Amino acid sequence: MSSGKLNEQAKGVYIIAATPFTDEGAVDLQSVDTLTDFYLGCGVHGFTLLGMMGEAHKLTADESISVVNRVIGRAQGRQVIVGVSHAGLENVRRLSHEAMMAGAAGVMVAPPPGLKGDEGLYNYYAQVFAALGPHIPVVYQDYPQTTGVYLPVNVFERLVDDFPQLVMLKHEDAPGLAKLTKVREGEKKPGRRRVSILVGNGGLYYPQEMRRGADGAMTGFAWPEMLVQVYELFAKGKPEEAEDLFDIFLPLVRHEVQPAIGLALRKEVLFRRGAIKSPKQRAPGSSLTATDKTELDGMIARLERRLAATGRLAKAAE
Amino acid sequence: MSSGKLNEQAKGVYIIAATPFTDEGAVDLQSVDTLTDFYLGCGVHGFTLLGMMGEAHKLTADESISVVNRVIGRAQGRQVIVGVSHAGLENVRRLSHEAMMAGAAGVMVAPPPGLKGDEGLYNYYAQVFAALGPHIPVVYQDYPQTTGVYLPVNVFERLVDDFPQLVMLKHEDAPGLAKLTKVREGEKKPGRRRVSILVGNGGLYYPQEMRRGADGAMTGFAWPEMLVQVYELFAKGKPEEAEDLFDIFLPLVRHEVQPAIGLALRKEVLFRRGAIKSPKQRAPGSSLTATDKTELDGMIARLERRLAATGRLAKAAE
Amino acid sequence: MSSGKLNEQAKGVYIIAATPFTDEGAVDLQSVDTLTDFYLGCGVHGFTLLGMMGEAHKLTADESISVVNRVIGRAQGRQVIVGVSHAGLENVRRLSHEAMMAGAAGVMVAPPPGLKGDEGLYNYYAQVFAALGPHIPVVYQDYPQTTGVYLPVNVFERLVDDFPQLVMLKHEDAPGLAKLTKVREGEKKPGRRRVSILVGNGGLYYPQEMRRGADGAMTGFAWPEMLVQVYELFAKGKPEEAEDLFDIFLPLVRHEVQPAIGLALRKEVLFRRGAIKSPKQRAPGSSLTATDKTELDGMIARLERRLAATGRLAKAAE
Amino acid sequence: MSSGKLNEQAKGVYIIAATPFTDEGAVDLQSVDTLTDFYLGCGVHGFTLLGMMGEAHKLTADESISVVNRVIGRAQGRQVIVGVSHAGLENVRRLSHEAMMAGAAGVMVAPPPGLKGDEGLYNYYAQVFAALGPHIPVVYQDYPQTTGVYLPVNVFERLVDDFPQLVMLKHEDAPGLAKLTKVREGEKKPGRRRVSILVGNGGLYYPQEMRRGADGAMTGFAWPEMLVQVYELFAKGKPEEAEDLFDIFLPLVRHEVQPAIGLALRKEVLFRRGAIKSPKQRAPGSSLTATDKTELDGMIARLERRLAATGRLAKAAE
């Protein structure tokens, strides 16, 4: 099933999918199905697989491609972006071709740690684009908190000018609001393409980013329907309503961005919501204490009360 | 004016004070006065000076002590804790004695980068306690995101058991909720002292931390009256009300925790609220763009609307 | 061909093998053969494959196992240790079993970045040993410069006491001489096993480490015959002669330990010495400028003059 | 006593001076005198004070300036460079003015951690030069292993082109040989100034760097007479003799570059050579075990035997 290739017009919510495992630690392909259905039910516009939050680094090559195939087969034509970051360029190339053959819409590449200087960064991506060829759409994942590689706006602009296959910025620098604005302002220069910008960082600054020109979100918050509705309210020109809705979920957005424990919280919520059969992470992974779970109970109860009070989204939070 | 020494019973809000500068970059002692008055007007229970957010590393030794003296002289008997972290132990000792001579209630010490292993960490603090002697109360600042030094609970417990002058944990590990719970559970062991725990991280998880046994906050949020009222509501046994109030401010709490730009936002709010004469940071520092300021306008307008809707705190946010 | 399993008696030089590629970047299995023969000709006592210097992170899973098989098939019964460090425990388990099935003598595991505290480190290895079972000999690779994880001696000792399958320490902390001595002194405690210690860090402190109780070297210096002869001179009780020989090569040992460029230098020497058909690294990799090569010419000429002057090893350096 | 200001013609050995303390940890000004005399006796061409190896970060402001004054007063007209790196620009300015008032020839500035991108780096130094004004000669300390800030050659060239007061590169990137060559090649461009380059990294690659165009060394090796003689042999056009001499000392050069323990070794040698009254470092500092000292005995004995065999420098090593 073809969903077309990713391009600069991409917008909406590309959910970063968790990877479900059985309690014994095997990839749970049935839960991949139910999770995909769950995301579709939340109205997501696309998927991002094998990102940093997807425990991709704990999968074998075979497992990775089987997850990609499974989601693409069930995604009802939604675009699927596949993370292909790797220490070796040959592996980036190979993974990208495998993903595109499986029907992916594009690939996402973060810079490897250790790149030096603006030229070092530009040259790395130039190598990547040369290796992939002109026909594979690429997302630049800008996540320096993990990679240690800072992306200056002028380097990003040079890459956009020189490589038409670079169609999206996954924006999650911190602080990054000023960078987002600078990219959008730079695009007003005659001849420069406007690329798609989807935002990450768990969605912590989602309304601010939308107001500054983001096209949507690419993150893994466990109530994706909020991400979708906020996007849609912005699309309808209702930013204040969008932010009102977002703020109701903000305590949980913030709770999920905790390093290390965040994924455990997300999987626990997905489990409680029936999307996956087990909240298990592959070892070594984090897990929740009884106190953590009681705390989560309380936070969800607060969320539900507030949603009920506004009359919005009450069912979705069940 | 004596405020007594810091001890394990410390609780409430110890505000991390910004250091005000003139537009030319000089320490602005008149603004130190007005800022101190502002904090007192917000109801803070104590002060923490020369912390990481106080631009202490950009002050000369003389400037540092003049700020300490100025605040202590105006603090109406509230306790003042002074940050004395330094690469050299002799300087930790010297700064501590200067601070205590000036009337400080205690000192705060973060571990220097590069300590290795549990023993390396224990031994460093053992050296600090030996250098300071038994009469200077010490706060352990647990902020591994900046220091790179992780504090295991069992090392903290050994320090508490061995050094009675260790009276407080400044808790800002991330994720840190489980650690806080573990410290509190460990204190149930017969013979172990219960220490004071004040929380940092910009207050991002303040209600969760209070529910887990924190005694208050030590952070620099620009609406300290919220920190105080949340504390008081918890003290009155009203955690849900406390969290309701907190959640109204959460969008701004989150906005201020942005790395690098956070301090610029805080100083801008303190400036707007009349607490300081200039939002200027000492170079090299961050500053706000016109877009950043318009965004802040909007966020404050949203805050005020929501406070007005609840009828709470409306005046304090002016 | 069985070479037996690795145990605490292992000694000598376990060369860290480079991975040869064709100029086009494919794994060059014929050069794997000639390189293996070259190492055997230098008298190495064993091999270590897929270490950090072996560009293992740029190989596919299939390529990795094909290199392991090829070397084991040609190693004339010398023991082969295979690096199996991986972010996911399941992959550590899987790679270990594949390696042992292929005839490896043992596996080498470095801690993943991000482990916290002594307990976090102990628990990680406890999980590894549980996953591998009691029958796979394990080498602890202690290389904190890359992993960021410091190994305290008492944690290593607890692991040795609790897990008989931990048989070797790959020692390359920096500074690490005192640690080596401390491990050896700790082993005098009744009941503690004496493990094998092979040293890395490019061999930069090899004689000092041998004098302190190391059992040999595990590194990739491009004149392995020096590593072997130094080992043998120590074995014969001639430390001063050993160090005299080492010092002749020290300028090149030091030259090869340069970060980033070191591997390019090693592969260039192996290429010049006829051990591999191309000095090519897989992208992204470092390469030598014309100036670098001229400089290397000069350094090798100096080495040969000095070897000729002593009458030693003259042929081996050809 | 005026030694003139530092300029692009600076060459030779600018020794990085240790800071001597008494066994009780006080600055030992008498040892500052004897150490200065010792360095002068070794023939050094200049001094660098308050560098990273000088425990500058453990001194108070008053102690720092007293050491600077003491050395300048006794340096017999040799140029003195003072390290003034500081988190706050105002402190960089203040320290620089104090140093120049005391008679320093110039100041050395390393970038603060956290600068982002080529522009961030350029802008920081532009701020520094603006703050210092055109009359204070500046050395760029390029030591990314500690600062985390990489200096691209083109950024350095822009700084050289735009700020005439930038007269020297303290070269200690790793690997850095190719960078040194690139700077020298770039200087052939019409209109670009040739700056002085002195090399650090403990001198580990000193002959290679001299062959590539360095003007001398700025490091703290405990046998400075070797650094001086190697410089002079290069100046006389005898690079092979220079490197022969260097290689005799290389085992100890390498021994001293060990992180953490290196300074303890240096101070021990300076103490043994009578240059300072105590090898004490200020806490927290490293110290030598009995094994470390015995090892050092052996290494010095080897050095002396080899020097005796060549008839060179025998007295200097006493």
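The first chain written gets the first letter, and so on, giving A, B, C and D; residue counts start at 1 in each chain.
Throughout what follows, a residue touches a chain if its C-beta (ideal position, glycine included) is under 8 Å from a C-beta of that chain, and two chains touch if they have at least 3 such contacts.
What you are looking at is a predicted structure, and each value in this text was computed from that prediction instead of being measured.
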Determine whether chain A and chain D, two copies of the same sequence, contact each other through the same residue numbers or different ones, counting it as same when over half of the numbers at the interface appear on both sides.
same
What chain lies farthest away from chain A once each centre is taken as the mean of the Cα atoms?
D
How many angstrom lie between the CA centroids of chain A and chain D, rounded to a whole number?
48
With chain centres defined as C-alpha means, what is the inter-centre distance between chain B and chain D in Å?
39
Whole-angstrom distance, CA centroid of chain A to CA centroid of chain B, is 34
Can you list the residues of chain C that touch 2 or more other chains?
none
In the complex, go through chain A and note every residue touching chain D.
116-120, 150, 152, 154-155
Looking at the complex, which residues from chain C come into contact with chain A?
25, 55, 57-61, 87-91, 94, 112, 124, 127, 131, 282-284
Report the residues of chain B in contact with chain A in the complex, numbered from low to high.
174-175, 177-178, 181, 204-205, 208, 211-212, 240, 243, 247, 250-251, 254-255, 258-262, 289, 291-292, 295, 298, 302
